[in-house]
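Chains: A, B and C, in written order; residue numbering restarts at 1 for each.
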Amino acid sequence: MSDYLNENPDVIDVDELPSRKEDSNELFENFGSKEAIERKKLLLKIDHSPKSQVLHDIELLDKLLLLNNTPDLISDTESLPSENDSDTNEFQIRGSEDSNITDEYADEPADPVDVQEIYDLTAHICDPEHPLTLGQLSIVNMPDIEVHDDGNPNHLAQIVIRITPTITHCSLATLIGLGIRVRLERALPPRFRITILVKKGTHNSEQQVNKQLNDKERVAAACENEQLLGVVSKMLQTCK
Amino acid sequence: MSLLSEEDLNDFISPALACTKPTEIKKTKIKNNVNEKGEYEVGVDDGEDETLEKVTITLSDCLACSGCITSSEEIMLQQQSHGVFLEAMSKCDTNVTKLAVSISPQCRLSMATYYGVSIETFDKAFAKFFKERFNAVYIVGTQLGRNISIQQAIGKLNDWKQSEEHKHDSRPRLSAADPGFVIYTEKTKPDLVPLLLNVKSPQQITGALLHETFNRSYPDKSLYVLGVMACFDKKLEASRPDSEGEVNCVITPKEFVAMLSELGEDFTRYLDMSNDEQILVQMCPDGWDSKLHWCINNGSSSGGFAYQYIVSSQRSLPIDVQRQSKIVTIAGKNNNICEYRLINIETGDTISSASELSGFRNIQNMVRHLSLNDTNIHGGKFPKRRVQSLRKRQVTQVSSITNKMKSLNNLVAQPYKSDFIEVNAAPGGCLNGSGLLNEEQSTVRKRQFIQQLETMFHESFPIIDPLDTLRCDKLYEYQFHAAEPQKQKDIVTVGNTW
Amino acid sequence: MSITLAKGIKLQNDKTWSLDYKCTPFSNLLAVASTDRKIKILNIKPNGTKLEDVLDGTVHRKAVRSVAWRPNTDINTATLAAGSFDSTVSIWTKEIVGNDQEMDDESMDEEGIEMDLLAIIEGHENEVKCVAWSFDGNLLATCSRDKSVWIWETDEMGEEYECVSVLQEHSQDVKHVVWHPSRSLLASSSYDDTIRLWKEYDDDWECVAVLTGHEGTVWSSDFEGSNTDQLQEDEIRLVSVSDDSTARVWKYVEEDEENDGQQVWICQSILPKVHANQVYSVSWSPISGRIATSGSDGTLVIYQESERGSGTFEVVAQKELCHGVYEVNIVKWIDVEGKEMIATGGDDGYVNLWNINE
């Protein structure tokens, strides 16, 4: 009996990896408004079970949504006189009239990210040592991905992904984690706060690995390290 | 019972070496944590060996930085623990393999103080223990090795000063007696490797001499040499590829005490038996002066290389110049730097100079100053401004001294202009070795303590003149390996670099 | 009390890691460190913020992580230290001319390299995380992922640097160093969850206290500023922020009688919890005594002490999403011609200047 869950993984066939199924539209049949459907989908993200009591209680749903609201950046009257025209074009100065600083995604419709999407982004990352992907090696698994996203581009969203490394060697676990982080940071909008953890009980130094994987400064510096970037690039080559 | 921990392994040199796979695994007993590729497997600790537990690389070392002691050194250190020594002793055929033990004077002082006895008493008890318990044939101090080391260092320095090379590059030569500094230079400052004075340390030469003597007397037997030394870096030195056949194992006083406890031995028993006047003579190798190797020489307590060089410089002057020369000791900007300058009183000229420098911060300034990009290299280019030495006090050029004697008090140490720098990683040198039995104390008190030890050291041993002893023709030299920038790195190593 | 945006300045597309502020007679200089390696110098004036300089981006091979203006320099000199992920520290200097010539368009159309590179300091084995000058400008502290803090000594010119001490007592990366505003006391914050305090003894620096309690990396700390009449000789306090999303105030108690040279410190209080995620930066205003924090959740929080010295702080203002959905890396109180403001820098590449409205 091996000490580590994933020491000798059964390699999963690519075809058998979980993928997005057709939307089960039955759930939404009886709901009239588009809005309500959207809200229900949102709720599904928070509370995965379609049988949830809350789902059937729209009032409660509305209250829940209100709690999620973060106040917009309040625009106030400018207390300093307006800028000089000689402020260069090299950089933009925003006065306080602008209420929304991140407007890159403002035009996109609210489209919350779900577990499948995160899985799709990460499962095809190649393991740093073997010519197999993280999905095939069950390093990344659907049940170990958590997504909390309301789809609103002006709200923060959270992703927690737990990985199950196949070997105990810490530096490879950190490489895998780094690969996942680079992939997700590139693919997802900046509102996402990504937490990558080693699944409890799968690694005898998980605390240290977790700390390293979630230290933004360490990660940023790693991404400026040519050798590391090279390894990570190779890992990401197999991604679609 | 933790003897070796990550902190101990620090040994004052910044742990700044990226994890690498070991290049060579000796065939001595290696714990089963090393797989066939020579990689150190982590986490497979079956908890069998207590002594190994604390030496295991923890993953936090691995992950934390690219700057821990390399796994190769970790393995070399394990090959050297007192557990290894005990095992070797128990496994060997005592008819064929004999034991010799060498011990450095800093260890003798530390251990005598620890047991509350005089050095003489300690030496005898120490010898008695190894004779009775392990049937040792030789117990020696390291002065003989040190004499040779000093003489050969001076010889090489003098040769160098006359050489062509000196005209192009007059940067000071650096001592190679501190293995921590040597490894640091080889690995992280390869361009300074040519400055290392290629003379083996007293520890290694003593080991070599022991083997030579033994082989003459017992040609069909083999000798196992155990060294008792002040710090863990000495273990690394004994494991160097160019050190084969010299010292088999190095332990520190801390480990000696632990070993005694493991063996159920009480050292006071041997101390009480110290009226055996002849023991030291009995344990002296054939042909060695039985008193000499227990002595020390003048100069720093870490060997006195710099000082002896200057003494030798003075002695080799023509008599009339010698009479008007004076050795001046100039304190550096902190108490871990000092310069010995041989000055011609009449002219005010510097005849020669050698310095002592210890501690990582001073080593840092030194390596930056000496590296090839600095302007003090004749004809060297200076692409970017680098760190230069800061002159804290007023500098008075020695050559402009007119009022000679009085001005000698205003001199500023200029170690980077010396012929030779005796470098020690530990601030204060060997007396501050991390394997010694100095009690734990705050760093403030420790510094005062080291200063006291320094005085005690020179008072505790008989002093001899290393320049006045037999010359040895055989050269004892290292083979330095300046690290090449690693191009190919395996994935595990790369993964460890962030 | 409310926090309102006075100005949002986009300087680059890459992260803004650090900023530092210095008032000179003719300009209010804000230096900004970024992943794009080009240090920007802004002049913040009530009638407009100008980009004074963009420093040569080829000096450092990797991100510039930290910038710090040297205090106590000649009135016409501005000297800047910058620490980079490439493991080196660069020193720049600028003579400040007090006429309009400096401010016109011509000088800004050029490459913008008005600051001169004085020195490059090497020594750290890997990324430099923070640089900080002592209050008298004589010493520069640098810290790195190599777990060490180095203290450098320099002369008036700031041209030559010599290492005075290498402090290797942290067991992990050192994230941040900060000096006390009026005495030679240094605090270092580390990935090992502790803060260490350092003082000079004889000719070397010693660790005089270790502050434990945080349950995660300590990202930053700041000493209580000295509005000199208010603080007593032995009133020393430090605020620190951490991965554990808390801000803690630590207080010096006394010299440790049993251990020579050691100091006794206690954790005076944990500030009311507001942040949900890692807190990356903290600043303690020397003028108002208020503490400002910010971090991953983008919220800027201001705390005020109910009674100075009491350790009881309350949240008097907070602003969510200060850099939109991006993380905030640095927060600093700045005094713009008598008006206290806050400057923040975030992953969005912006520097935002905030008004504090009573």
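We adopt the following convention: contacts are C-beta pairs under 8 Å (C-beta built on N, C-alpha and C of every residue); 3 or more make two chains touch, one makes a residue touch a chain.
Predicted model, so just to flag it, every value in this text is computed and none were measured.
*Asks:* Higher C-beta contact count, B-C or A-B?
*Replies:* B-C
*Asks:* What is the identifier of the chain with the smallest separation between its Cα mean and the overall Cα mean?
*Replies:* Of the chains present, the most centrally placed is C.
*Asks:* Quick one: subunit A and subunit C, Cα centre-to-centre, how many Å?
*Replies:* Those two chain centres are 31 Å apart.
*Asks:* Taking each chain's centre as its mean C-alpha position, how far apart are subunit B and subunit C in Å?
*Replies:* 41
*Asks:* For subunit A and subunit B, what's the span in angstrom between their mean Cα positions?
*Replies:* It comes to 54 Å between the two C-alpha centres.
*Asks:* When you check subunit C against every other chain, which residues touch at least two of them?
*Replies:* Counting only residues that touch two or more other chains, subunit C contributes 126, 145, 173.
*Asks:* What parts of subunit A, by residue number, touch at least two of the other chains?
*Replies:* Residues 218, 221.
*Asks:* Can you list the residues of subunit B that touch 2 or more other chains?
*Replies:* In subunit B, 64 touch at least two other chains.
*Asks:* Quick check: in the complex, which residue numbers of subunit C touch subunit A?
*Replies:* Within the complex, subunit C contacts subunit A at residues 2, 4-12, 15, 35, 46-51, 62-63, 65, 85, 105, 108, 126-127, 129, 145, 173, 175, 191, 216-217, 243, 277-278, 296-298, 319-327, 347-348, 350, 355, 357.
*Asks:* For subunit C, which residues are in contact with subunit B within the complex?
*Replies:* Subunit C reaches subunit B through residues 117-123, 125-126, 145-148, 150, 153-155, 159-166, 168, 171-173, 201-204, 206-207, 259-262.
*Asks:* In their shared complex, at which residues does subunit B touch subunit A?
*Replies:* Touching subunit A: residues 42-43, 58-60, 62-64, 489, 491-498 of subunit B.
*Asks:* Considering only the defined contacts, which subunit B positions touch subunit C in the complex?
*Replies:* Counting only subunit B, the residues touching subunit C are 6, 10, 14-16, 64-67, 188, 333-335, 360-361, 364-365, 368, 384-390, 392, 427, 442-445, 447.
*Asks:* Which residues, counting only subunit A, touch subunit B once they are in their complex?
*Replies:* Residue list for subunit A touching subunit B: 128-129, 168-172, 174-175, 178, 204-205, 208-209, 212, 218, 221-222, 225, 227-228, 231.
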